[in-house]
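After this come two complexes, each holding chain A, first together with chain B and then together with chain C.
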Partner chain A sequence: MRIESKVVGRYLVVKVLEPRLGADRAVNFKEAMWKFVDQGQKSLVLDLSSVEFIDSTGLGAILSVLKRMGTDGELLVSGASDAVDSMFKLTRMNRIFRMFSTVDDAISAPV
Partner chain B sequence: MKAMILAAGKGTRVRPITATLPKPMIPLIRKPVMEFLVEHLRNHGVRDIVVNTSHLAPLIENYFRDGDHFGVRMAYSFEGTLVDGELQGDALGSAGGMRKIQDFSGFFDETFAVLCGDALIDLDFAELLRFHKERNALVTIALRDVPREQVSKYGIVELAKDGRVVRFQEKPPVNEAKSTTANTGIYLFEPRIFDFIPAGVEFDIGSQLFPALVAHHERIFGLALPFHWLDIGSIPDFWEGTQLLLRNELPDFVLPGTEVRPGIHAGIHLSVKWDEVDIRGPVYIGSGTSIAPGARIIGPTVIGSNCVIESGAVLDQCILADYTRVSSVAALQQKIIFGTKCIDPSGKYLDIEEGQLGWIVDDARRHRQLSDAESELWEQVHSLY
Partner chain C sequence: MCISEMTICIDSRLESVSLAGTLVRVFCEGVGLSPAESGEIELCIVEAANNSIVHGYARSPGHRVEVFAQHESDDLTFEVRDHGKSMDPRQIEKIRLERHDGALDSIPEGGRGLAIIKAIMTRVRYRADADINRLIMTKHVQGLPKALNRK
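On to the complex of A and B.
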């Protein structure tokens, strides 16, 4: 699982570098993300701009990160492609996550 | 007047719908486009219709059979071969298909119409025929004015004052178009046309037959009549066509079913408590469908037959094929659900199986068996929502 992370202000921006976030990648993704959460990260931006395909397993992994963060955590999603955005909308997960077109939009958004 | 319907095309621009369905069978509010045509021809006195078929031929042939239940007589000219149990098409072209029919039986022994099986039209054939006879034409083309900025999508025709065709331009750039009158692919021919169509080779009406006729100074006429012409040539066309019919904007078209509530047309044998469903028309609901209390449906929407709409599901401007199950966590906005595909009006689509989306949208006949990931997600979405 290739991911890249950097601190921007109070956010940790995590970029997924895989084109597909499906069953074969979801477990690794989840573990990597949980690690950040367990280290005490309360504000995450998940940059999906390189992801072209996501399935239910991938969506589930993202949800599990939110759950792990608890009620005081903040997980923003940015850069979803049309296909990925469609999946969020179909499952109504676009109402659970705040979604932005770019990382910059996400980090400058009012809380 | 006799007629030939061209139904042998592959319909690549309407994929993924035409992966399992030939273009003439694409349903507009559950009724194949070609059925509208057959009825329209019948209403204009056409009794005998031959259809050339190829791609997925049995779906057309088994639907229309001998035409008896549509009040006409129908036959099929199959263009292909059966190889290892599978039908394979042999392209003959539109004019080549006509020639094959003529060589087989001499079917065309009077003025006849040729039209595509995948466009919805309400053309006045009586008027076209009157004009054709009056001009003593060999061919009369039904024309329609199109906006100038769209000429490059069409075959453009330049006419003399008496309606004689002076020139054809195939998809000209806007600044080079000699007119804004487009060829609709609907023609009247005299049987003498076969003098100009070679046997046994692929031959096209627009690009080969017409240039040959022009070279021989034959009498080709065109008549521009105001009529609706809805070419179902792409997913956006299919979307637009369905919306137009739902909004009742095609005068000759009557929505099927009964109007059970204002703007809500439905078939029979439904399981719906109308007062417990939030539903706004125009909506058509096919027979045998169940809609659970708490579902929300916003038109223009078509729900096929034997669908299952669960409590809490949201359908906002959708077209669902028969036997679609929409789960309680689904929110479908401007979607076409067809087979295993979830299609946007633009033509982009997701594969429901590939995305493991069976827990959102599925075939209603399947016993729902969620994978662990799907059940987990289902639980989570439910608990968070």
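On to the complex of A and C.
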């Protein structure tokens, strides 16, 4: 699972560099993200702008990160393509996650 | 050009599923579905094949997962077949996408695959005959071009 991360203000912005976030990549993705959480990151932006396809296992992995962060954590999702956005809406995960068009929109959004 | 039928066989490895999904998406675009509709069908194939591998074969590689796609009139029919452990056919009737109004911890991380398929497809059936399990998914789309006649 290829990801890149950078600190922007109080956020750690994590960009997924894979075009697909499916069941075959979900475990690696989850482990990589959990590391950030376990290191104490409480504010994450997950940049999905390079992801063209996500399945329910990939979505579950993102949900697991939010759960790992607990109630005082913040996981914002940015850059979802039409297909990824449609998946969040179909499963009603758009009500669980705050979603933004771009990373800049996410990090400048009011808390 | 319209393709009327396609069969794909992949090994029971999660890494192989994207190939089946991609080929079915191309098939759907070839018969006239929009990219968005074709992407939804791809998602259904991926979810069904993942289920075959994870639940049917308990993630064990070296088994067949077959994906069949057919275009006939305004119906697109897809079958995902495996020879692994069957599921209870009554499960199909019960499954729905749940609302998530409760605490975050109460929201399941998995188990949405069939519910997603049911939400996208027009009709979903499951048959376990002898040693073959079939998830049969039909999508009715009005106005598709006619399929090529097979000789």
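By our rule, the second predicted complex is superposed on the first by the 111 of 111 C-alpha atoms of A that agree within 3 Å, B and C clash if a C-alpha of one lies under 4 Å from a C-alpha of the other, contacts with A are read in each partner's own complex, and residues count from 1 in each chain.
What we mean here is this: contacts are C-beta pairs under 8 Å (C-beta built on N, C-alpha and C of every residue); 3 or more make two chains touch, one makes a residue touch a chain.
All values derive from a computational prediction rather than experimental measurement.
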item: Partner chain in contact with A:R98 - chain B first, chain C second, else both or neither; value: neither
item: Partner chain(s) touched by A:K89 [first = chain B, second = chain C, both, neither]; value: first
item: Touching partner for A:T57 - first (chain B), second (chain C), both, neither; value: both
item: Which superposed partner A:R68 touches (first chain B, second chain C, both, neither); value: neither
item: Which of chain B and chain C A:K42 touches, first, second, both or neither; value: neither
item: Those residues of chain A which chain B touches in one complex and chain C touches in the other; value: 23, 53, 55-57, 59-60, 63-64, 67, 82-83, 86-87, 90-93, 95-96
item: Chain C residues touching chain A - in the complex, by the definition given at the top; value: 13-15, 17-18, 21, 36, 39-40, 42-43, 46-47, 50, 54, 97, 99-100, 104-105, 107-110, 112-113, 116, 119-120
item: Complex interface listing, chain B residues touching chain A; value: 329-333, 335, 342, 344, 348, 350, 354-357, 359-361, 371, 373-374, 376-377, 380-381, 384-385
item: In the complex, chain A residues that touch chain C; value: 20, 22-24, 53, 55-57, 59-61, 63-64, 66-67, 71, 82-83, 86-87, 90-93, 95-96
item: Partner chain B, residues of chain A touching it in the complex; value: 23, 26, 53-57, 59-60, 63-64, 67, 82-83, 86-87, 89-93, 95-96
